[in-house]
Amino acid sequence: MRETVDDDTESFTDARAELQIHRNSDPVNLRLRLRYDYAGTRQTDSGADTSDFDPADRTTVSTEADFVVNDRVVFIGGIGLTHADDTNGSDCVRYSFREVFNTTMSAQALAPVVTDEYGDDLSFYQLYADYNWGQSQQESMNTYFTEAGWSQIDSVATPLGTSDFSSFLSQVPRDEADVLFLNHYGLDGANSLSQAIDRGLNEDVEIVMPLYNRPMAQAASGAIDGVFGTAAWDSQIDNEPSNQFTQAFQDEYDRIPSGVAQLAYAQTLQYAAAVERAGTFYPPEVIRQLEDYEYDNIGMGPETMRACDHQAHRAVPVVRGLPEDEQEQGQFFEIVELTPRDEIGYGCDEGPAAECDLGPYE
Amino acid sequence: MSDEPTETADAAEDGGAVVERTRRRFPSWSRAVESEWFVVGATTVAVALFPWLFARAPVVSDLLNGYQDLASLILIWGIFAMGFNLLLGYTGLLSFGHAAFWGGAAYAAGLFSTQVSSSPLLIVAAGTVFAALLAWVLGFVALRRGGIYFAILTLAFGQMMYYMALSPLSGITNGENGYTDVEVGQLFGSFHLRYPVPGLDWLLGTWQYVFVGAITVLCVALAYRVLNSPYGMVFRAIRENEQRAEFVGLNVWRYKLMAFIISGSLAGVAGSLFTIHGSYVPLESLYWTTSGEVVIMAVLGGVGSLFGPILGAGLYLYVENITSGIRELTVPLTDVVLLDGFGAYWHLILGLVFVAVIVLFPRGIWGLFRDVAAGIRRLGGGRR
Amino acid sequence: MFLVADGVVLVVALDRVITILLNGLQQGAIYVLVAIGLSIILGTLKFVNFAHGALYLIGTYAGLLVTLQIQPTGGRLADWGYATLGLGWGFLAALVIVPVVVFVVGLLMERFVARPFYDRPDTDQILLTFGLAIVVQEVFKILFGGQSYNFARPAWASGPVHLPVVGAFPEWRLYVIGITAVVVVLVYALIEYTDFGLVVRAGTRDAEMVQLLGIKLSRPYLMVFGVGAALAGVAGVVGGPLYAVNPNIGTEVLVPSFLVVVIGGVGSITGAVLGGILIGETLAILVAVAPQWSQVGIYLLAAIVLLARPQGLLGTEEVAP
Amino acid sequence: MSLLELTDVDAFYGESHILRDVTMGVEEGEVCALLGRNGAGKTTTLRSISGTRPPEVRAGRISFKGEDVTAMAPEDISARGISLVPEERRIFPNLTVAENLHIAEVSENRSNTVGRSLGQVQVEHVGMTTEQVYEEFPRLGERKTQKAGTLSGGEQQMLAIARALKQNTDLLLLDEPYEGLAPQIIADVEDAIRRISESGTTILLVEQNAIAAMDISERCYVIDQGSIVFEGTADELRDDDDTRDRYLGV
């Protein structure tokens, strides 16, 4: 195996391939590295302890595609933490795979549950973070809730760098709107949701956070009480791989793993397994092993890593925030429904996938 | 301090005395050492050996745990820190907005690569020209104030550019995702930067390193020449005593602006190389913490010396990228764990070392080395 | 009401305008509290404190720990077995205790950080305090983890209050404005109507002359630093519940606060108040009119003021260091 | 024993040697003048006496009432009864006239948060009260709520002197009190200095304007390039054409 690697100096100029996750919360600590040290074949040495990694807020790595193309490094699944549609739509590339669901899928999963809960023919108002994911999320919400019979009053962009949403929230027409979608992620989401509650918007409208993560829930605390959303993974998902991971993680770090921790570990293993199947690190071979691969071992039920757009098709957990007094360490949501994969998603010729052109293997 | 009464000190005479003293301090051998050829030659050798020592040499590289890519990155940040230091170390102006030149050039280089030409040399030229023009404009405005106001004005301009790139200009810059469409072509149309150098890849690694290294040597030569020209003398005079420099008829403001432009241009060279290196421009390259990072590098390494900031850049990136990966700090050669989760402390350690340097060794680590070396030389001389 | 944006005249309802102004006032209030300390320390002691944001950070975490009980999951404290931390004494206790704590931190900082550097160039002071700010931030990150905590608003002031014209407005934000106003009046009285304030105002202009009048300045300097720090502590407590709490909030509040100082004029309390309100309102109005430009706007405002009136709106040339 | 004695004082600004072996004394109750050209070392002498830094006194001894005050901090020297009315007055322009006067009392107000105990120092006599000041300088009384920065040059000089007198002054150091004032105002200031002297306060007057200074003082020193070149009574100096010509240009 060592030989194959050495033959491949073109793509690996050094004994380490670096995968980078950019986080905006802390530009100084910009990079988190997952190192695949291939001297020890499948040893996964998470340079910075991934369990400590909380993508405190907007964690977008749609940019990784470009690292990938230029560096010829395979970016796999969950490393792409962005949920934006474009990532595996118009921006898709051969070298990138995505495990997490995109905004289309989270809207598809949310629409039936939320309309079922709040009723038909309602009108909704949206605020969204003005960047790739936020735009994508609000578009998806509009599409699938309109399809479900609701109508949009307005959708307003909030610029990045905003931590005080009071001016935007004060514009929400509380008499007209029935539901408010806050398409903010991470810390932004925690701030906008808390501020909305503080403003008493929940007295007049129902609030939905389309995408949750744990740091957001932790920072928003009691504000998430009863608020619907989707989450990448949660330790409460009850199946063999999930429970196994939760247990192993707890044994090692003495706390309940977050969705991101699960993603990091699961994807590292996916890559390692693909390398083993391929018998080489040579990226085109590894990529072929990953494409259309069927698996059921990371706790989200049976999945397919689709060859046409490199998007995993999998179940999406719809969750609801717990009241503050029921929240415990690492437990912030109740799982309302684990929407199975055949109820969501789209064909290779529809939706974002229709715009995807993966490009060459080499 | 500048409280000396002008009535007693004749500035021109004093300036002469400094030169005189400097000359006397260096005997002919030392003067040869300090000569431009020696500096450039030594830099070239050091740059050539660096990636091998760092990433591939037996024993040394295993101890260092370095890798090729980091070697180029260290040189790139080294150029940035050296340029920053031309301002702080030689004119005493502390800018907290150098991210504007680094990041501005990085974006300019990135846009240039997609819109005009993907030739690495032209990309660097474009980024540098942009940074120089930007430095001219910002310097023109910011240099109206000194001290704390200068620091805050530069900070404000830097932040303004960050937020411009983040929001109003996101159509061009791609906002918070950073600029991703960078296209890097082949050097002189024939060398792919990602390819190893035939026959010399054990030493230098890739063409990219050769490219970055050559530009580093050029920048060192340029900076050395500037500092040893009349300009450099004036810069130092301004740092020592601005009023006195003004008194002998120097247009201090113009020299400061020149220093600012040279400094910003070097930051621009580095920023353009950063774009080529990563084929990507992160938005954070404009954020004020980037300015803060280069401040730390320069001060850590040693302001007021040419190589100190490069050393500082290396140290900073090393700690950030290698030390931060150490999970357990153990007693050397044993398994005794001193500190678990050691890597998480890297930023704190840098902060503490930074504070210690300011309090204890204002000339930085390079200055400390020189003091120690001088001490040893003196000891040796004493024994003889 | 008419607001002009991009050449388009918008007709805006009165309640919207008042809401925007209130939002601006509230956002400015936190900057005012932080900036006053920064400004009097810079004006009187000629000391540039880039670590002033760290005092805000300390204030917020101290406030969090006095007010509530938290579970520090991400940091070393959790590893050391502190599953739950905090006194849970409620907000009013924090409002009393935290300023005292941060006051003491300020005294220590003056004695051991600032004083040895009074005679060093201001670039050295900036570098030192910048380094210190990093150290403090990292210590908090290591102890409490990098994640955000929820600093719940006190029960008696959470949720909305229904105001005439404006409608529902977050009650806590009114308290922020109120508490800031009271604190500013107290500090103003301290500086304007006491012998301590007299010495501070005189020392701001001509420290040597004050000493020539037989007054030892080391103690008022210590006090100024302590008071400035305590104000940052108050800001941390009242501002904490507004946003999620994490180790970065110190530097996040520092940069705009410096803008407030230079806009208002170094050493001037009324200047800091004016500057803070200007920045807050600029932010709030731009968010309503041209949200993309809101952040750019405050930096542009600062640059324009600095260039047109270098000593700041209410500052005097002589005080500028 | 003279009230104030300087013995072989050498003072430096950084590396610049300004005062060289300055020896001089001021007797209790007299008005003594220190004369010299611009840059001769007059202000440096006063700054050395009052304890402000720079200059740095590296050799010699300055004693006041027999006590060595050479290395003392300015506030301690002030507390012992030496008050300085500096060149350019240095009143606090941002404070009102009343506040400018009040601040001179702060150091004695021990209950004040910032005040301090004077320790071993015996306070022998207290300075003028504010009422006495307003009596002495009625113009200041009229303008007591005005910001000091708005006063005229002469009024500012009066205020600076009044501020010094509010301290427990035994020795008043006046640095170029006539500088930049109109002739009739100079007369007013002269008048004030006489009255202060008559009330028993010792005065060391530093002037470039030798004629005016000789009018008012009993004894004179002339300083040139940091050294004392003449010592004698005002009459002696008046008669010494050579010294006046060489060192004072009059």
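As written, the chains take the letters A, B, C and D, and residue 1 is the first residue of each chain.
In this text, a residue touches a chain if its C-beta (ideal position, glycine included) is under 8 Å from a C-beta of that chain, and two chains touch if they have at least 3 such contacts.
This one's a predicted model, so the numbers in the text were calculated from it and none came from an experiment.
Of all chains, the one whose CA centroid is most distant from that of subunit C is D. Innermost chain of the displayed assembly, by C-alpha centre distance to the whole-protein C-alpha centre, is C.
Per-chain CA centroids place subunit C at a distance of 43 Å from subunit D. Averaged C-alpha coordinates give centres for subunit B and subunit D that are 53 Å from one another.
Note: centroid distance subunit A to subunit C, computed from Cα atoms, is 36 Å. Residue positions of subunit B with contacts to 2 or more other chains are 1, 163, 166-167, 289, 292, 341, 344, 347. Shown for subunit C are the residues that touch two or more other chains, namely 79, 291-292, 295.
Within subunit D, not a single residue touches two or more of the remaining chains. Taken together, the subunit C residues at the contact with subunit D in this complex read 194-196, 198-199, 201-202, 204-206, 208-217, 219-220, 223, 316.
Residues 55, 67-69, 163, 166-167, 170, 175-178, 180-182, 184, 194-196, 201, 205-206, 278-280, 282-284, 287, 289-290, 292-293, 321, 324-325, 327, 341, 343-344, 347 of subunit B touch subunit A in their complex. Of all residues in subunit A, only 9-10, 13-16, 18, 22, 24, 27-31, 33, 35, 45, 47-49, 52, 58, 60, 62-63, 65-67, 70-71, 130-132, 159-161 touch subunit B in the complex they form.
If you check the complex, the residues on subunit D that touch subunit C are 50, 52, 73-75, 78-79, 83-84, 86, 90, 92-95, 99, 102-104, 106-109, 112-116, 163, 167.
Across the complex, subunit B meets subunit C through its residues 1, 88, 92-94, 96, 141, 144-145, 147-149, 151-153, 155-157, 159-160, 163-164, 166-168, 288-289, 292, 295-296, 299, 341, 344-345, 347-348, 350-352, 354-355, 358-359, 362.
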